[in-house]
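Across the two complexes that follow, chain A remains constant while its partner is chain B and subsequently chain C.
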Partner chain A sequence: MKQIALIVACVVAFIGMLMLGGISPIEAAQTLISGSLGSPRAISGSLKETTPLLLAGLGVFFALRAGLFNIGIEGQFLLGGFASALVALAVPGPVGLLLAMVAGVVAGALWALPAGWIRAYRNGHEVITTIMLNSVAIALTDFLVAGPVRAANQTGATTATIPTSGRLPALLNSPPWNVSSGLLLGLLLCAAMAWWMKRRVAGYELQAVGANASAAEFAGINVAKVRMNAMLVSGGIGGLGGAIQTLAFEGRFYQGFSPGYGFDSLGVALLAGSNALLVVPMSLLFGVLSKGGTSLLILGVPKGLTNLVAGLVILISATIRYRKAASDA
Partner chain B sequence: MLNTVLLTLSMATPLVLAAMAGYCSERSGVINIGLEGKMLMAACVSALVSVSHGPVLGVLAGILAAVVMSLVHWLATQRFGIDHVISGMSLNAISAGATNFMFTRFSDPDRSGRIGTLPPLFYQACAVIAPVALILYVGKTRGGLWLVASGSDPEKARLAGLQPDRIRLFALVATGLFCGLAGAYLVADTGVFTDNMTAGRGYIALAALILGGWRVGQTALACLAFGFLSSLNLLFQGTQLGGFNLPSEFWTSLPYLATVIALAGFLGKQRTPAGLGKT
Partner chain C sequence: MRGISKQFGRVQALDNVGLSVTSGSIHGVVGENGAGKSTLMKVLYGAYQADSGEVKVNGKAVNIRSSKEAIALGIGMVSQHYGIVPELSMLDNLILGAEPAMVLDKSAIRERAGKIAASIGLNYGNDIWDRDASAISASEAQRLEILKLLWREARIMILDEPTAMLSPKDGEALFGSLRALTKEGATVLLVTHRLPEIMEYCDRVTVLRGGKWIADVPVSETNPEQLSELIVGRTVSVSVRPEPIPAAAPALEVRNLSVARDRGTDAVQNASFALAPGELVGIAGVDGSGQADLFRALLGVTPTREGEVLWQGQPITSRSTSARIELGWRILPEDRLSEAIVSDWSLIDNSTLGLHRLPEFADGGKIRNQERAAFAQKAAEKFGTKHGGLDAAIGGLSGGNQQRFVAARMTESGPKFFMAFQPSRGLDIAATEDLYKAMQERCREGASGLVVSFDLDELMSHCHRVLVMFSGKVIVPPVDADRDLLGRLMVGGEA
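Right, the complex of A and B next:
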C-alpha cells in the first residue's frame, strides 16, 4: 500500500513538473517514443545507447548479487575505454582489437581493486571508496587525454582515431539499420552470467554472500575472498563496457567520454533485481529513454529530465525490491 | 599569504556546512550520500527565488528546498525501508535532473549579471558557528546524547525508551538546514547558478567527515585542509613547483585519494558509527 502511494506520488510529481514547465505530457511522450522507436534509424540509435548500459549494468548487477553496490562502474568504464583506446592505437589490426578488449577488462578490474580490497579486508564501505575513485578516474583520464596522450592534430582533448581495421565490426550495417557486434557481446555475456549464477557452485556462493554474509561465513564460504573477486569481475565487466564503447562506437577516447552511463546502469541493475536476464530489457528501457531524451531536446525539454526519470525509477524500484540490499556493513 | 588564507576560508565554507549536515545525519544513523543533491537543489531554488523575491527569501527558500529533500530521504529510509545508499543516490539524480529542468525552464532569459544575495560573510559566520554549536549540543545536552545513541546502536536506544526514527527526523531537518546554507552560499559566492555547480562538494564533505572520524572538530579541520588544497590549486595553476608542473587534476584528486587511504585504515583506526545504516 505504501509502495503504491509512493509510485503515485512520483508520477504525479513528475507530470506536475512537466505541466508547470509548460510541456504537454502527451506530446512529450509521443516525441520520446517516435524519437527512440519510431524509425529504423531511431531504433538503431536506441540500441547503440543500450549497449554500454547493458555491459555496465551487468557489471553493477554482478557486484549487487554479492551484496556490493558498485557505484564505481563509471570510473571503471572510463578507465576501460581509455586503456583500450591506447592499446588499439599502438597495435593495429584484429590482434590489436583483441588486446584492446583485454586491456579494457584489466584496467576496469584494476580500478575496482582498491574498493574490493578495502571492502573485503578492511571493512570500509565500497560505496564511499568507489565514489571517490570515480572522481579520481575522471580527473586522471581528463589529464592524460588533455596532455600526455593527446592527438597532435586535434583541437579538442582526445586521443587519435583508431583505424577501422582495429575496431569492432558492425553486426548489421545496411542504412538506415546499424547494429554493432558490441551488443551481441553484451547479450552473450548476459546469458553466460545467468547460467553461471544458476548452475555453478561459485555463482551460488556469490549469491549466498549477497543474501546473508554471516550465514555464508558459517557455511564455510570465504566471504572476504568472494567479495574481493566479485568487485574485480564487476570492474572488469565495466571496463569491457568502456572498451566496447571505444572500439565499436567512438573510435577514440576523449574528455566527457561517458555522459553518465555508469549512473544509469545502477538503475538498470537495481530494476533487474535477482535475474541476470532481466538486465537486457532494463538496459533497453534506459537506452530508449536516453535516445528519446535527445529528441525531447528539440521540444525544448531540458536534458535533465531523463536524469529525473532515472532517479524516480530507482527510488520506486528500490521500495519494491531493495529494502535491505547492500547494507549489512 | 593573506590571499591564500581568504581563498581557503571561502573554499572551506560550503564544505564545513555540508560536512556538518552530514554529521547530523550520519550520527543519527542515516548514511548520507545525498548531501550533493540537497546542496544542488538548495542552490538552484535559492537562485531562482533570490531573483524574484530578494535575497532573504532566497536563502530561506533554498533551506526549505533542502529540508524537503531531507524529509523525502527520511521517508524513504525510515518509513519505506529503502537502503540508505540507494535512496541517497536517487536523490542526487533527482536533484541533478530537476535543477537542470527548473533552471532552464523558469529562469528569466532577459536578466543577466549577478544574482542579488546575502553577503558571503554571513555564510562564513554560519560555518564558524555551526561546528561550535554542534560540539556544545552533542557534548552538553540530552538531545545530543540521544542523537549519538540512535546512531551508535538504534536497538539499545530503543530499549532505553528512545525513538530513533523520530530523532532521525530532527537530525535530517538539521541536515537540510545546513545543506541549504551550503547551497545558497555557492550562489552567493559566484553570483550565478550553473548546472551541477556543487561539483562533488557533497562527496568531499562526506570524505572530510570520514577523515575526521565522525567528530565535529576534526571534520571541520579536514574541510579546512581540503579548502586549502583547492586554494593551492587555484594559486599554482600553470606555475612550476620545484621543476614539476603539477596538473590541476592532481590537486582535485587529493581529497578523494586521502579518503580512500583513510578507509583502508592507513590513517588510524576507523570510527564509523556502529549503527550507521541500521534500522
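Right, the complex of A and C next:
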C-alpha cells in the first residue's frame, strides 16, 4: 500500500518535471516505453540495466531488514567490480571466473566491514560512515585504475579486457535478444533471500533486530553481532553485483564503471518494503526507467532524471522511517 | 482546584479531586503510581483539560488551556524531563522562548538573570551564564529549570519528583532554594513519593489514591506511618495469600548485585536475595526504584557492575540472555511495546520472540512453523486474547489484549524461572486473577517467579513473600511483614 502510494507519487513528480521542462508527458511516455520495452533489443537493454540494480538492491534490502541503511552499496559495488576484474585477469578460464566472483563478494564485504563494526560496537550511524566510504571507494578505484593497474595499451583509465573464457556466459544470445546469466543469479539470490527471511531462525532474528532492536535484546538476540553480519552480507551482495557487472557486461573495470547503480538501488530496496521478492519488479522498474531515460535524451530530457526519481523515493521513505522511529521513541 | 475529574478512555484518572494551596507555602502531593498526582498537576498547568471542576488562582476562576496560558497566570512546572537545549549557553536557555525583545539587550538580561539567581541564593556570574548547557549536571539543570520559571515570572511552581535525579546533598540545596522563594511569596507544589521530603520541607500535604482525594493535612499534625497508611489505603482483597514456602536450597540466588546507570548512583545497589524452588516472590516499590534495571540485569540484557547471580548453585552472571532463556528463564518486560513485541509482526511471529531458538520451535536453523502456530493459538487462548486472526499484526490489538498474549507467552512456555513486570497492567480483575493463578500453577510445578508491581495489595494477596525496592536497594523484610511495614519501606522508611 505504502509502496503503491510511493510509486504514484514518483510518477506524478516525474510527469511534473517533464512538464516543467516543456515536454509533453504523453510523448515522453511513448518514447520512454518504446525505448525500453518496444523491441527485443530494447528489452534486452532494460534487463541489462536491471541486473546490477537487482543485485545492489538485494544488498541494500538485506541491510534494511536489519534496520540498517547501507548507502555504501555504491562503494561496495565498485570494489567488487574492481576486485573481480583483477582476479579474472590474473586467473584465466572458468576457475578464474569463480574466483573473481568470490573476490567480488569478499571485497564488497570488506568495504562494508568498518561501517558495520562501527555501527554494531560503537553505535556510529551507518549512513554517515557508508557515505564517507563511498567517496573513498570512488577515489580509490579511480586512482588504481588510472595508475597501478591501468592496461598498458589503453588510452583511458581502465584495466585490460577479460577474455571471453573468463566471463559469465549469456543465458540467451540470439540477436536481437541478449540476456546474461547474471540476471538469473540475481533472481536465484532473491528467491533464496526471501526463503531465508521467512523460514530460517537467523532470518527471523535479523528482522527482529530491524523491527525492534530492544525487544530483540530481550529475546536473547545478539543485536550487535546481527548488525555486523548484516552489514557484511549486504556489502558482499553489493560486491557480487559489481563482480557480475564486470564479468557479464563490462569485461573490464574503468573510471566511471557505475553510473550510480548503487544509488538507484537504494530506491529499489526502499520500494520493495518488507518483501524480498518485490526487489525484482522494483529493479525492473528502475531498469526500464534507466534504459528508457536514454531514449528521452532525444527529447531533451537529461539522463539524470531517473536519479531524481530515486532521490524522491529515498527522501519520502526516509521521512516515513524517521517519523516511525520518532513515534516509537 | 475544586471537583476536578478527568477520564482517559475507561479509566477515571481523577474523580472529584480538590486541592487548595496557600500562597507562600510548600505543599506536598503524595500518592502511589496511578493515584492521579501527575494528572492533577497537568490539569493545573494546562497540559490536560479537566472534564469537570474549577480552578481558581488568587481567588479568580480561570480556564487554563495550555502551558502558555498557565505561565501567563504565573503557574509553571519543572518536569522530570528537563527541557534544556545542550547546544546553547545557560543564559540562552534561560531566556529561550521568553526573550524580552526582538533585539536582545544582553547586559540588561544578565542583570535580571543575576537578580533571579540571587533570589534563590545562587551567586551566578557571567562565567556561569556563558557555560554550555551540555556541560551541566542534573542538579544544575534542575536549578536552571527553576530559574527559567522565575524568568517567566512564575509565582506558583510545580515540581514533579524533583529529587529523583539528585544526590541527597543536592536535594537539600534545592529545598533551601525553594524555601528562599516561598519567603518572598512564591508557592511551591511538590509531587513526590519520598515521605521524608514531605515531613521535612512541606507545610501541608494532600494525599490521593486511585484518582480520589483522600486527605489534606498540615504536616505538623501527621507522621510518616499515618501518611503511608493513607497513601496505600486498606482494601479487602479477594484472593487468599499462599502460605510461605519452607526454606530450601535456593533456585535463584543473587549476591551483592550492582547495576550501573549512565551516570550518578547505581540503579541497583548491592542487591542480595534468594528464591526457593516453587516460590513466587513479589517486589514492591514505587516506580523507578530500580526494578526494571534489576530485571534487565537478571536477564543479561544489561551488564552487572558487581556481584553474582547463581542458578541452581551455578554462577551464570556472565551468560548471555539466550543462554538464560535456554535455562528456562522467561520475562514479561516493563515496556511492552519496546521490549516485548514487534508491533508490525503477526501474533504467530510474536509468539516465539525470545523462544525462537528453543528446540520446540527451531529444528536446527529452521523455523518449525506448525509448532509455532500451535503455540500462538495456545497462548492466545490461555487468557482470552481477543484478536483478528493469528496472522494479523499484534500492534492492532488493544494494550490489554497484547498483555494477555505476552503474559501467556511467559507462563505457557515451560518456565523454570520467570520475571513479570507489572503483569496486571491493562488487565481487568478477572484476567489479573487468571494470570496470577497461572504463575502460581507454574510455581507449584517447581518454577520460581519474581513479580514487580507498584500495587502492594496485588503482591500481598498473591505472592509467598514480598521484597521491597527503594532507590536501588533491595530490602528483604521478614516473611511475615505486614503491609504497614512494607508500605513504610517502599517510601524509604525504617523497619
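Keep this in mind: the second predicted complex is superposed on the first by the 295 of 329 C-alpha atoms of A that agree within 3 Å, B and C clash if a C-alpha of one lies under 4 Å from a C-alpha of the other, contacts with A are read in each partner's own complex, and residues count from 1 in each chain.
Rule of thumb we're sticking to: a contact is a pair of C-beta atoms (placed from the backbone, for glycine too) under 8 Å apart; a residue touches a chain by one contact, two chains touch by 3 or more.
In this text, all values refer to a predicted model and were calculated from it rather than measured experimentally.
Enquirer: Go through the superposed model and pick first if A:L270 touches only chain B, second if only chain C, both, or neither.
Expert: first
Enquirer: Which partner chains sit in contact with A:A211 here, chain B, chain C, both or neither? Use first/second/both/neither.
Expert: It touches chain C, and chain B stays clear.
Enquirer: Can A:R41 be said to touch chain B (first), chain C (second), both, or neither?
Expert: Once the two structures are laid over each other on A, A:R41 reaches no partner at all.
Enquirer: Tell me which partner A:K225 touches in the superposition: chain B (first), chain C (second), both or neither.
Expert: neither
Enquirer: In the superposed model, does chain B or chain C contact more residues of chain A?
Expert: B
Enquirer: State whether A:M132 touches chain B only (first), chain C only (second), both chains, or neither.
Expert: Touch partner of A:M132: chain B, not chain C.
Enquirer: Can you list the residues on chain C that touch chain A in the complex?
Expert: Residue positions touching the partner: 299, 301, 320-325, 331, 333, 337-345, 349, 353-354, 356-357, 362, 365-367, 369.
Enquirer: Spell out the part of chain A that touches chain C in their complex, as residue ranges.
Expert: Chain A reaches chain C through residues 199-202, 204-205, 208, 211-212, 214-215, 217-222, 328.
Enquirer: In the complex, go through chain A and note every residue touching chain B.
Expert: For this pair, the touching residues of chain A are 2-3, 6, 17, 20-22, 69, 71, 114, 117-118, 122-125, 127-129, 131-133, 135-136, 139-140, 142-143, 147, 263, 266, 270, 301-312, 314-315, 318-319, 322-327, 329.
Enquirer: Please output the residues of chain B touching chain A within their complex, sorted ascending.
Expert: That would be residues 31, 33, 76, 79-87, 89-102, 104-106, 195, 200, 203, 206-207, 210, 247, 249-250, 252-253, 256-257, 259-260, 263-265, 270, 272, 276-278 of chain B.
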